[in-house]
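After this come two complexes, each holding subunit A, first together with subunit B and then together with subunit C.
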Partner chain A sequence: MLVHSRTGRWTAWSLFAVLFVPLFALPLLVILAASFSTHWSGAFPSGPTTAHYTAAVRGESLQALTTSLVTAVTASVVALTVGTWAALAAAALGRKGKRVLDALFMLPVAVPSVVVGLAVLVAFSQPPVLLNGTRWIVIIAHTVLVTAFAHQSVSAALRRLDPMYEQAAASLGARPSYVLLRVKLPLLLPSLTAAAGLCFALSMGELSATVMLYPPDWTPLPVLVFTATDRGSLFTGSALAVVLMTATLLVLLAVSRIRTKASYR
Partner chain B sequence: MASPGTGLLERRRAPGAVPTRSDPADRVPATVWPWALPPVAVLAVVFLYPLALVVRESLAPGAYAEVLSSPSFRDALLTTVWLAVASTAGCLVLGFVLALVIAFVPFPGGKAVSKFIDVFLSFPSFLITLALLFLYGTVGMANGIWTDATGDPTGPFRFLGTPWGVLLAEITYFTPFVMRPLLAAFSQMETAQLEAASSLGARPSRIVRQVILPEALPALAAGGSLVLVMCLNEFGIVLFTGAKGVTTLPMLVHSKAILESDYAAACVVAVVNVALSVGLYVLYRGVSRRAGA
Partner chain C sequence: MTSGIRFDGVTVTYGGNTVLDSLDLTVEPGEVMALLGPSGSGKTTALRAVAGFVRPASGRVFIGDRDVTALPPYERGIGMVVQQYALFPHLRVEDNVAFGLKARKVPKGEIPGRVADALEMTGMAAYARRHPRELSGGQQQRVAIARALAIRPNVLLLDEPLSALDAQLRSGMLAELARLHRELPDVSILYVTHDQVEALTLADRIAVMDRARLQDCGTPQDLYRRPRTEFTASFVGNANLLPVTVGEKGAAFEGVTLDVPVSGAAPGSTATLCVRPHLVGLGPGPNALSGRIGEVQWRGSTHRLYVEVGGHRVKADVRELRETPALGTEVTVHFAPEDAVLLAQGVGDG
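Up next is the complex of A and B:
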């Protein structure tokens, strides 16, 4: 306890509330309120409606939602595989090799997402591989962006892993593949699911790289939110944004349930 | 060190010897190397090769000279850097104050607030700009209240299309990225130090300055440099303000490539942006490694 006087504590709390509520709580509430209304010309929105939602779960919007979900799941699975593989390989290498591999896989975090989009667009619009205009170019860009985060969280988990378990298994005669599959990966499972959730959330909300290269028949939800708000349909845009947030949260919730189950093992 | 390390090897080590991490350290069997190849090959095809192509494209004759001498590029560079620096400073101050209250002036619901911050991090950045449009846009809450109160049909809040709107959005969105490492650092702090300082008569402001701040510096440095890099690369927030007056480097990459189809120029801007962010990121890794994060 830092502040012992009663008034001091109340001052600290009200300062917190004054900063926290308008900056962090209000934005989300405002989007939620706007998604249920048709006008906002006074202090509060007016014209309550659910029409934006009935529109948001139909046609173009529904397709955008499934597009986002498919993209995010594919990108997360591939990123998790590649990132975990790289983290495991890096941990087995010496210190120098590990540093090189970690630096390579961390690079996409530092490179702006727009540039990742531009690079993928430039690379796959020319031979030998022509993917421009297909869904694969979007999925590749998302995979690149989230692989770094998968790699980062899995290697952090590997660092915390007690080496005694695998040493014990190996000393009892387990082959390396058996140690990996039956000892290491189960121990890593909580971190793997956490990494999967992170990758999924990032990919669901990805806009910067996507606007550089999405084809008309593969429009993820964030792009649709942008085009809606850009043409002035702010209320439709916020309903789509709420759908996006809800879908992300539901999947994160499901993923965290897997995690709690695994960590009791 | 995170691992409990009670193995025989650990115990036999001479006192004072620095234990190395997970210790396959220096001798790597030759069979290990090939295992690193598949992920690196994937990364090379989908990321390193495309990046190399961007660099090659940027080397088109005259591209650098033309872009670097154009006023729009210099404006964008300046805007990007000052917005990123100002946002980072704002996030550090705000994040420090908020984390301080959560950690040291605990209140019921503090746990829920930390949870909320975690959730906040998983939302895309452009949502903040969207929300600000309803809060401070030409039609929206703040201007609506003004109109209701004064009868003046246009409210005084019209900063959203200016860099100040972007600044507000970036501070809002990135502050949680500073708070998380800070809260982690605060949770490991000895409260005995605080109690001792306060029982010796130090006022809260002095405890913050002389006890808490020095302990928080590594976390502040790590969080701050991460936010700086992310602000330099931020695109969604700027795109959503729809402001023609605010052009940052990522916006310039997008407009050159998609709107003007001038790929050589886009690649030049991209290379400059990558150099800036990767340089800072290397700095961040150094800082956070020293901070033990």
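Up next is the complex of A and C:
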């Protein structure tokens, strides 16, 4: 521990409690409480019910959850593949080429996601590539948005990867493709799964670009949360939000289990 | 394919800096050649040029009769062991050793036998199922050697292989390496080190490097007894280097005429006289020099005396003295004429 004196430690903990609890934990607890209520007029919610959840796991809501999951998984897989590929390519390029490639991949992070959404909408609303009104436009937008993070975390991991492994493999007679498959990717696996988790979580919560793009038959869960609260159904929206949160957390937990296994080796 | 390595005028530059300057050196088949030098001397660069990780700006590198200068590392058929072991952390010991065999598409049936042989040879057979992180540094280095030997290379490159080990382990591994070389007499070994003990113990010949250049090359005995340059004399064995003026018979140092072999040196010229500290004795004798003790170091079985003669310090390693002499004591030291070597001035640049 960095803080040694007893008073110092006590102060640190209280500061943590004062800052963390109201800012991070409490709002989430409020949503959880609201999702089980029918009224909230006093200090505490009232009229406990599970009706919102019964509604949240069937019909339109269930459809939205599946939509979100499929979108997030597809976007993450594509982003991870493209991001890793680009990071590997950038590492092989010279310093200048690498900088250009890195900058290109960072663009979607620097540009507000609303702008990315609009750009995708305008770009794919006309032939030759007409995707407006299909699920693909949502998936493409999500992929564009999360690839930057995949690329960034993989290239950071690649920088930390000691070139001696690659050289040892080459001296043993391994061609570059063999080195990639048998040495580099296995050693990058912990970072790859971390990047996958990050991409998935970002995509699951994406709203601002999605609302500009989603077709009626491909409504991700955050859009449903937004529309529910927008029309005043706060408690329904809360239940949907809790479902969204739980689904994301469960997937992240599963991913982190793979990661612990990979890094333990 | 024959073994042996030949550097033919190999120059390597990094962004305008010459890190290896036209190296000409031949490692005979089955020979252990040590590349000895301080850090930045170009010795590792020379090894990496053989491995294929640096491309020479000019010159050619041959492995056996084959010009490998333009070949990628994976086509060179070399075994390499580096200081940090570079074992693949995600693979078990046996899979690390099998890696090169699988990469070279050795028939599947042969692999287990060759892995077992390599592990047997380095005494690591009992650890085949372990992961590298479960092994000590010395064990990891044995696995790295087994991995390099499994592909049966004609040329083995060892880059400071013992530098990460502690002193005791190092001398044990040194003996192991010598034994391995006896078991594999056809393999040429290029051994990069900054440690003269390793080079003297293991090498058939030593190439002394400094400032990107080859300074000297010869058998360990040759370099130790008859160094050709000041750099070799001081880097290998930390010799006394005394500036002398060559006379008709002998050479003058601080007004004392010393009886030393001067054949070939022109009378009246200045030169450097090289005398090993352990060949300098305390007390009167031939080639006696008088001075005051400037410093004393106790080294267990020996005392290292620094005797100030004129403006120079003469190092003498003498058997442990009963009583440590006090600083400033007047003493006489001497050395036998045949233990001195005259270096022509200006050959070395140290």
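Just so it is clear, the second predicted complex is superposed on the first by the 249 of 265 C-alpha atoms of A that agree within 3 Å, B and C clash if a C-alpha of one lies under 4 Å from a C-alpha of the other, contacts with A are read in each partner's own complex, and residues count from 1 in each chain.
Simple rule for what comes next: contacts are C-beta pairs under 8 Å (C-beta built on N, C-alpha and C of every residue); 3 or more make two chains touch, one makes a residue touch a chain.
Just so you know, these numbers come straight off a predicted model, no measurement behind them.
Chemist: Based on the superposed arrangement, let me know which partner A:V82 touches: subunit B (first), subunit C (second), both, or neither?
Modeler: It touches subunit B, and subunit C stays clear.
Chemist: In the overlay, answer first, second, both or neither for which of subunit B and subunit C A:T7 touches.
Modeler: neither
Chemist: Between subunit B and subunit C, which one contacts more residues of subunit A in the superposed model?
Modeler: B
Chemist: Once the shared chain is lined up, is A:V211 touching subunit B (first), subunit C (second), both, or neither of them?
Modeler: The first partner, subunit B, only.
Chemist: Is A:L187 touching the first partner subunit B, the second partner subunit C, both, or neither of them?
Modeler: second
Chemist: Could you say whether A:L28 touches subunit B, subunit C, both of them, or neither, answering first, second, both or neither?
Modeler: So A:L28 only meets subunit B here.
Chemist: Counting only touches as set out at the top, which of subunit B and subunit C does A:S177 meet: first, second, both, neither?
Modeler: A:S177 sits against neither subunit B nor subunit C.
Chemist: Which partner does A:Q167 reach: the first (subunit B), the second (subunit C), both, or neither?
Modeler: Once the two structures are laid over each other on A, A:Q167 reaches both partners.
Chemist: Need the overlap of the two footprints on subunit A, from subunit B and from subunit C, as residue ranges.
Modeler: Residues 162, 164, 167 of subunit A touch both subunit B and subunit C.
Chemist: In their shared complex, at which residues does subunit B touch subunit A?
Modeler: Contact set of subunit B toward subunit A: 2-7, 20-28, 32-33, 35-36, 38-40, 42-43, 46-51, 53-54, 57, 94, 97-98, 100-102, 104-107, 113, 116-117, 119-120, 122-128, 130-135, 137, 139-141, 144-145, 147-148, 171-172, 175-176, 191, 194, 198, 204, 207-208, 212, 229, 232-233, 235-236, 239-240, 242, 249-250, 253-254, 257-258, 263, 266-267, 270, 273-274, 277-278, 280-282, 285.
Chemist: Which residues of subunit C touch subunit A in their complex?
Modeler: Of all residues in subunit C, those touching subunit A are 51-53, 72-80, 82, 84, 86-90, 99-100, 103-104, 131, 147-148, 151, 157.
Chemist: Mind pulling up the subunit A residues that touch subunit C in the complex?
Modeler: 162, 164-165, 167-176, 178, 182-183, 186-187, 189, 265
Chemist: Over in the complex, which subunit A residues touch subunit B? Could you list them?
Modeler: 1-4, 8-9, 12-13, 15-16, 19-20, 23-28, 30-31, 33-34, 40-45, 82-83, 85-86, 88-95, 97, 101, 104-116, 118-124, 140, 143-144, 147, 158-164, 167, 197-198, 201-202, 204-208, 211-212, 222, 225-226, 229-230, 234, 237-238, 241, 244-245, 248-249, 252
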